[in-house]
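Presented below are the structures under discussion, each in the form of structure tokens.
Across the two complexes that follow, subunit A remains constant while its partner is subunit B and subsequently subunit C.
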Partner chain A sequence: MKRREFWLLVTPSVIVMFGFMLVPLYRTLRWSFQKVDYGSPGAEVGLTNYIGALTDPRLGRAVLFTVGLTVVVTAFCLVFGYILATLINQLGRMRPIVLGILLISYVLPHVVGAVAFSWLFDSNFGGIVNFLANQLTGGAFGEPLWFTDPWPNRVIVAANVVWFMLPFAMLMILAGLQGVSAETLEAAEIDGASSLQRHLHVIIPSIRGVLGFVLLIFTMDVIRIFDSLIPLSPQAVGLGNESIMLYIYNVAFREGAVNLGLGSAISVLTIVLILILLYPSIRGIVKEARA
Partner chain B sequence: MHVSRSFRLLAAGLLSVSLIGLSACGAGSRTGAETATKVACDFVNPAEPTTINVLAYNSSAVDPYSNTMVSSCTHDNVTVKHDPIDFGGQVQKTTATLAGDTGSYDVIETYSFVVPDLASREKLVPLDDLFAKYKDAYQLDDIDESLRKAMSYDGKLYGLPMQTQVLTMVYRKDLFEKNGLQPPTTFDELREASKKLQDSGDMKYPLALPWLASGDISTAYKAALNSLGKDFVDATTKTPNFTSEESVQAFEELKSLLPFMDPQVTTFDQPKVQQQLYNGSAAIGIMFSGRMNDLVQQKNTKLYDKFAFAAPPAVEDGGKQYGALSVDGWSIPFNTKIDHDLLFQLLAASVSEDASKASIPAAYPARKGLDQTASPYAAAAKAAIDGAPPAEAQPWVPPITAANTEIIAQVITGKQSVEDGTKAMQAAAETVLSEQ
Partner chain C sequence: MTIDLTQVGDAAPRGPIAAASALTDSDGPTRPHRSRRRTVAVISALVLTATCLLMIFPFLWAALSAAKPTDVAFANPPVFSFAPTLQPYVDLWQTTNFYLYLANTLTVAVISTLVALVIGLPCAYALSRYGGVASIVLLVLALVFRALPRFAVVLPMYEISKSIGIYDTTYALAAALIAINQPFTIWLLRNFFAEIPRELDEAAMVDGCTRFGVLRKIMIPLMGPGILTAGIFVFLFAFQEYLTAAVLTDVSAKTVPVFIATQIGQNLPLLQQASAATVLLTLPVIGIAFVAQKYLVAGLNSGAVKG
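Entry: the complex of A and B
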């Protein structure tokens, strides 16, 4: 490819990346050092926004909740995504249909899915979960306060994230499973490896790269959870179930309390946090690529 | 091969469903205007094709006015565009469109709560001259003067009132009759009625109030405080009133209602309160009047003919009602490039007598003298308007509300004592005032 053709093809992407990634990133960085009123040039305030963010206990609670949710959901989805993918991989003609059905929750807009999900637990809209659980337990399940008790609320938020993210993990792992050498598996079987041993010592090491990729995407996606919390955790701030993104939204955009400078400072801190959390995954993927 | 064909079929099916879904979303986006009332909208035709973008949230009370504007004023060279949006979206887009020298909207829906703040920052165009010019053509003097005042700041009119929303009480007349109850006029009576309904075994939590921790709960606290005769801030001394006796009493009175409400009440917004009433899991509700007409629609609930309406009770005997009056209207943003004269005629047409009549019973129009016998809640809304505490029309109200909402929720849910909460609110309000 000639140099001119190369630049002709690459330039639009560079412009788009510059416009949609670097410019907002630069603005966020600038605003994080300013007091910003919408529509007016910001006034420099040095590190005030960062000090304000780091001394606000709400940020600590939001980080704890978000990171905790990310760890739990990612671990769950990796394990059950693997199990589900293994089961689906054994299907024949039904595979595309089962796959299509399982992917519905992934393609639904999160907020729509979360509203419908909240109705499962909301007695105003049927509360089918409480009803079924009480039918099964003879009423011992009771009426948990899903939306006002911190832990029950965390359970439904995590369940919702699993509901819409599990299909992605399953799909990626399924793609990885299809690349596992049938000969190697057959050899392991002839050598007397049990089913569990084949999974632990042959299949999982073979798809390590895919699992690393799933881990990477989950870390980035779950840590940015926002819209699901609107219907599922209407009292998120008081319960300590406010995610980092919801905290930024509340600080930067809520009526009467717009503080874009502080919101930008928290955004920058979040980028740093994501980079720290992603470091092991990125290092693993780079190592894999070099090998 | 067979599997991949199935997969392709599945993919094609999913794509088709998605496309049909997306096209359905598009088709439904502006349908309200097609069936809206048409009124005269006789502006001087501009020389060039002109598109006027309207920002107004969708609700059964506001839609009649937005739709009338679109259907009646889109002619000749003028096209009026109004895309559906919810209230939260309107709040954000209002902030964004008023931020710079150019905005995305030429007409914005405003309400009395935000007008003083926006007007004090010169984000809205004063309408007095245009009002005077067109008052005869559109009989604008028939718009209630007190409501015009609510949309004014510093003596100037910044919003043309379309309709008003006032906290109104709804109750189940069948259960009230059965238990020999009268609509409560004080919080004492409200507690008594709720207790009696609870003890009768008809329902576990007879009282339903919108106390969403991230929003409506501040309206509830303000209504209680105002009912006891206090505003957020003493306008003369500019001192917040949150540590006052009335503020403490307001919290105690609100907390005293908790035993009669669903334990998750701090997650209930107005639609959820409506849902409780639809379901028959509550017998008394207090919400803004724009929600009331929905309750008597057969398509919404089988209890549609069991509801009656009244003005809300006062917190204490002899006091003002536990009330809040909100006036919705149209404003012209300072940064629109469209001729203000043309825009005002659109606003005036959309609140004309015919348009206002057509909004009944979904809305309680700002115009006086309209026949409201078709509205089941109009008499209660009128009584509520007459007995509502005067609105605190000050620019500091929205930022203080935002700063204190979470603290109010903490106090109501018992996570913070009334004493600590009121001190924290006082400090937050002082910070807001120092920045004004």
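Entry: the complex of A and C
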């Protein structure tokens, strides 16, 4: 393809992406060095916002919460997604039905799913989970304070994120399983490898690439967690269950809080973190393109 | 007498075991193997059924709450026998602007899907065929854009849209979503284009077709599944979006996810309307999950293969 043709074809998309992404990004970068309110030009304050962000214990808590949530959710979804994919891979006629059901939580707007989730736990609205758990355990489950106690609240937030992210992990791994060589598996079986050994030494190594990709997407997406917390953690700030995105929202957008400079500084710091995490993938793309 | 009875009682359960061991002897090692396989099948069926139930449970519960009379809808402990009602749906339709929010959501999703495909297709085609540095740079930038924290672009968009007077309009929201989802669109379409052999382009160009002719007459017809997959995803992303819609809209361009999120913390009838809204929003989504399953899976897989 000629250079001129390339530029003609990519121009509309590039204009949209750069116009609507780079221009706002530049604005965020400028704001991060200013004290600024909506609708008025800011005053330069140098690194004050960055110093403010880095010394705010709230940011430390938000990072800890977000990273902890990412690790727990990713580990669970990788393991359980693998088990589910293996089970679904053996299904025959039921497969489309099971896949269809599992896809629902993935395609539903996350905030709507989280609202529906909150009704399961809120004792003001029936609290079906407490009810069923107490029926099963004869009342030993008690009434955990799902929305006001830090750990129970973390549990429902993590459960909700797993709920809508698990189908994605399962589908990716299911796709990866299609590429595992049947011959190698058969050879391992003839050599007397147990089922567990076949998974550990044949299947998992051969879908390493897919698992790495799932890890990458989960890292990018769970770090940006926001939607779920709005209905599930109304008291996130007090409980220490504020995610990085929610922190930015609370200081820079929510009514009465318009510290746009500070919010922008945290955005910039998050971008730096994401770039570091993305570095291996970026190198991979460049290497693949050069080859 | 007592001794006799115990012996009889003991003999009964022993019977089948003896029979089974006799079978094992004659049948060789297949018998325990088969029964183990059956156990595995039962366990896997149980795990899958339980998972499916857990996955749809929040939705079922919302549907059940919407069907109850308002006074017991969210009663604690939950009420399981009640006279089903459609009142929340009627109220939702008559007392709120739900139809407006639904229309907004669909307008935004349709516009952003169409425009994303029209500008994304040529770009993705070029990215799959041009090996220069610019191509790599664009792909890497797109990956970075895909991973950006939303607020880094959405808050400036809020300010810009207010200052030029397009705040709270469906087209401003659609434009923002086109840009935000463009990186995903071009990556997905590029991976589909990459699977079409380049020889096809070359043969057509030898026959006198221009580059644009190749894209329009040869590539686009071949890209049917790819376009459908990308279209479904961009539509879903726009339809799902909460954060961007919450920041860029207020009253007239509000979307259904934002509406449902603002209903929480309200009083009971409003909450019940929110559960009715959840059901109305979920039903078409279930349709998408079942009908478009093939394309959803294909789209996710194409991402997995090429990263």
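Side notes on the structure shown:
Keep this in mind: the second predicted complex is superposed on the first by the 275 of 291 C-alpha atoms of A that agree within 3 Å, B and C clash if a C-alpha of one lies under 4 Å from a C-alpha of the other, contacts with A are read in each partner's own complex, and residues count from 1 in each chain.
Please note the rule applied: contacts are C-beta pairs under 8 Å (C-beta built on N, C-alpha and C of every residue); 3 or more make two chains touch, one makes a residue touch a chain.
As the structure is a computational prediction, the values presented were derived from the model and not from experiment.
Contacts of A:N124 after superposition on the shared chain: both subunit B and subunit C are touched. Of the two partner chains, subunit C is the only one touched by A:M172; subunit B is not. In the superposed model, A:F147 makes contact with subunit B only, not with subunit C. In the superposed model, A:V237 makes contact with subunit B only, not with subunit C. Touched residues of subunit A were counted for both subunit B and subunit C, and C has more of them.
Of the two partner chains placed by superposition, subunit B and subunit C are both touched by A:F253.
By the touch criterion defined above, A:R93 lies against subunit B but remains apart from subunit C after alignment on the C-alpha atoms of chain A.
Under the contact criterion defined above, the residues of subunit A that touch both subunit B in one complex and subunit C in the other are 38-39, 96, 99-100, 107, 123-125, 234, 253. Contact residues of subunit A toward subunit C in the complex are 1-3, 5-7, 9-10, 12-14, 16-17, 19-21, 23-25, 27-28, 31, 38-39, 83-84, 87-88, 90-91, 96, 98-113, 115-120, 123-128, 131, 163, 166-168, 171-172, 174-176, 209-210, 213-214, 216-217, 220, 224, 226-227, 230-231, 234, 244-245, 248-249, 252-253, 260, 263-264, 267-268, 270-271, 274-275, 278, 281-282, 284-286, 289-290.
Against subunit B, the residues of subunit A that register as touching in their complex are 38-39, 92-93, 95-97, 99-100, 107, 123-125, 145-148, 234-238, 253-258.
Residues of subunit C that touch subunit A in their complex: 44, 47-48, 51-52, 54-59, 61-62, 65, 73-78, 118-120, 122-123, 125-127, 129-132, 134-136, 138-160, 162-163, 175-176, 178-180, 182-183, 186, 211, 215, 236, 239-243, 247, 256-258, 260-261, 263-265, 271, 274-275, 278, 281-282, 285-286, 288-290, 293, 296-297, 300-301, 303-305, 307.
Across the interface of their complex, subunit A is touched by residues 2-3, 6-7, 10, 13-14, 18, 91-92, 95-96, 98-101, 114, 117, 212-214, 263-264, 266-267, 269, 272, 275-276, 279, 281, 398-403, 406, 409-410, 413, 415 of subunit B.
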